[in-house]
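Two complexes, one shared chain (subunit A), two partners (subunit B, subunit C).
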Partner chain A sequence: MNLEDEIRSALRPKEPSPEFTERVLARVYGMPVRPAPRPWVRWVAALAACILLASGAMGYRQYRGERAKAQVLLAFRIAGGKLNKAQKKVQMLNAARRNNS
Partner chain B sequence: MPERASSRPGEWEFASLVRQHQAMVFSVAWHFLRDRALAEELSQEVFLALHQHLGTLESPEHVLFWLRKVTTHRALDVARRRQRRPMVSLEDAPEPVAVTPAGDPMLGAALRKLIAALPAKARMVVVLRYQEDLDPTEIAAILGIPIGTVKSQLQRALTLLRGKLTRLGEVDL
Partner chain C sequence: MKAVAFPLLLILFAGLAAGQQVKWNYDKLAARATDSVDVNLDGSLLRLAAKFLSSGDPDQAKVRKMVEGLKGIYVKTFEFKNPGDYTPADVEGFRAQLHTSDWQRIVGVHSKEEGEDVDVYIKPDAKGIGGLAIIAAEPKELTLVNIVGPIDLDSLSELGGHFSIPELEIEKKKK
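Let's look at the complex of A and B:
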């Protein structure tokens, strides 16, 4: 047994309490002392963030779908209007030809 | 020559300095004072002072030296103020119940008790030598005492501890 090694072992560095850093920063910057977050709080926060992201992505997909649908309907409406006009013109021409003959 | 800090570190850098050195500062105070609450209070004061002096510290090595110096001097001041509580000399210190083989926590506890009974300066020399692994020159610079004094105090402390432990458990040290 070596006395110096035994003293070294007896005087191993120790950590202060877990809130030590927070307390020092609170005193230096005048911040309120926050208790250290519990591990489950991080998991809940991560889960909430995932749910938020997933629902956001789904909402965005739905919004894009609705927008595409509205554009298709508008295109149909425009095309329908033009078709009606052309049909009326043809009918008028036919009627005029019949009258001439 | 170490690079000079360009500006006063911000909150994030200061927090990381605290995290980096808190075990050293707290342990020097705790092993010297043997009072956890007092050691934490003293350590907080040391870091508050560090925050005020950061602008004058030139490198990480300088910060470490400064922290060791301020911690040891403040701990010695606290010990001086506590002297109204009678100090027990090493010879009069209560002897631990038993001494057990190397690496045993009981031996560690016995040694800590015996170290706590050393005179303040000798105790600090032992803490800096064996907790911080500093050589006598570095200890002399931190405590501001001649290197010869550090060596003689260290030698005397080791002789006393060895004798006390040998008497206690007839351990061959």
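Let's look at the complex of A and C:
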């Protein structure tokens, strides 16, 4: 490698790390430097959020299902009751006709 | 051409499926009623409800079997403070929507003494009964039931007495 290449390599612009700005500002204002969160903390937070969302969705599905079940039973109770009433009246009328004839 | 025809067919079938539900307009009555019961279960909610009906319990298993074939259950009950808060014209309006060739009235009970009217309509199809509608008018209560899909009256009869459903006695024809 010649001198020109070595100089070019040494002077190549580099992107600062994400914490660089924070560190510089902390020095300027005399604030303590906050350590960067460890990568696994983010994964755990993401996983916890996923579990929370999934359990929420399951709970809502359970609620909707139980409510729908109760509505089905109520609907059958009402429909059955009205049919029963009509059936009984028809039977009473038939019985009355038989007695008359 | 096929790409256009398929979505059109889907829209047509969706329209036909929606057409099986009786589109009663309750707005006028809802304003006059003191209490009301509203059950609105479309196909997806019925499938969900079926999953929550226990297959281990014989009674719930029967309900589950009936529900699985249905496309919708719509029940509306209005309670009124005084007799006459709804008019015979209101009831006639609901009946008029069933006066089509699709629907057939199988039972009509009118009691002047008790002021009670019950009309039971079925929607016959190739496989038997494709839908059920009930209009029950009492002096201070009006109930409208619409069950969309194949409903077996014998099964409904067997369910009588369970889940507080009164016993329904339907005479079986001798074969």
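Methods note: the second predicted complex is superposed on the first by the 65 of 101 C-alpha atoms of A that agree within 3 Å, B and C clash if a C-alpha of one lies under 4 Å from a C-alpha of the other, contacts with A are read in each partner's own complex, and residues count from 1 in each chain.
Note that in this section a residue touches a chain if its C-beta (ideal position, glycine included) is under 8 Å from a C-beta of that chain, and two chains touch if they have at least 3 such contacts.
Note that the coordinates shown come from a computational prediction; the quantities given were computed from them, not determined experimentally.
*Asks:* Identify the partner contact of A:Lys82: answer first if only subunit B is touched, second if only subunit C is, both if each is, neither if none is.
*Replies:* The answer is second: A:Lys82 touches subunit C but not subunit B.
*Asks:* In the overlaid three-chain picture, which partner chain does A:Leu47 touch, first (subunit B) or second (subunit C), both, or neither?
*Replies:* So A:Leu47 meets neither subunit B nor subunit C here.
*Asks:* Which partner does A:Met58 reach: the first (subunit B), the second (subunit C), both, or neither?
*Replies:* A:Met58: touches no partner chain.
*Asks:* Please work out whether A:Ala95 is in contact with subunit B alone, subunit C alone, both, or neither, and reply first, second, both or neither.
*Replies:* neither
*Asks:* Using the superposition on chain A described above, determine whether A:Leu25 touches subunit B (first), subunit C (second), both, or neither.
*Replies:* After superposition on chain A, A:Leu25 lies in contact with subunit B alone.
*Asks:* First (subunit B), second (subunit C), both or neither: which does A:Lys69 touch?
*Replies:* It touches subunit C, and subunit B stays clear.
*Asks:* Could you list which residues of subunit A make contact with subunit B in one structure and with subunit C in the other?
*Replies:* Overlap of subunit B and subunit C footprints on subunit A: empty.
*Asks:* List the residues on subunit A that touch subunit B in their complex, please.
*Replies:* Within the complex, subunit A contacts subunit B at residues 1-17, 20-21, 23-25, 27-29.
*Asks:* Can you name the residues of subunit A that touch subunit C in the complex?
*Replies:* Touching subunit C: residues 61, 64-66, 68-69, 71-91 of subunit A.
*Asks:* Which bits of subunit B are touching subunit A when the two form their complex?
*Replies:* On the subunit B side, the touching residues are 11, 14-15, 18-19, 22-24, 26-27, 30-31, 39-40, 43-44, 47-48, 51, 101-103, 107-109, 111-112, 115, 126-127, 130-131, 133, 158, 161-162, 165, 171-173.
*Asks:* Can you check the complex and tell me which residues of subunit C touch subunit A?
*Replies:* Within the complex, subunit C touches subunit A at residues 37, 39-41, 45-46, 48-49, 51-53, 63, 67, 73, 75, 77, 107, 109, 111, 116, 118, 120, 132, 134, 136, 143, 145, 147, 156, 159-160, 163-170.
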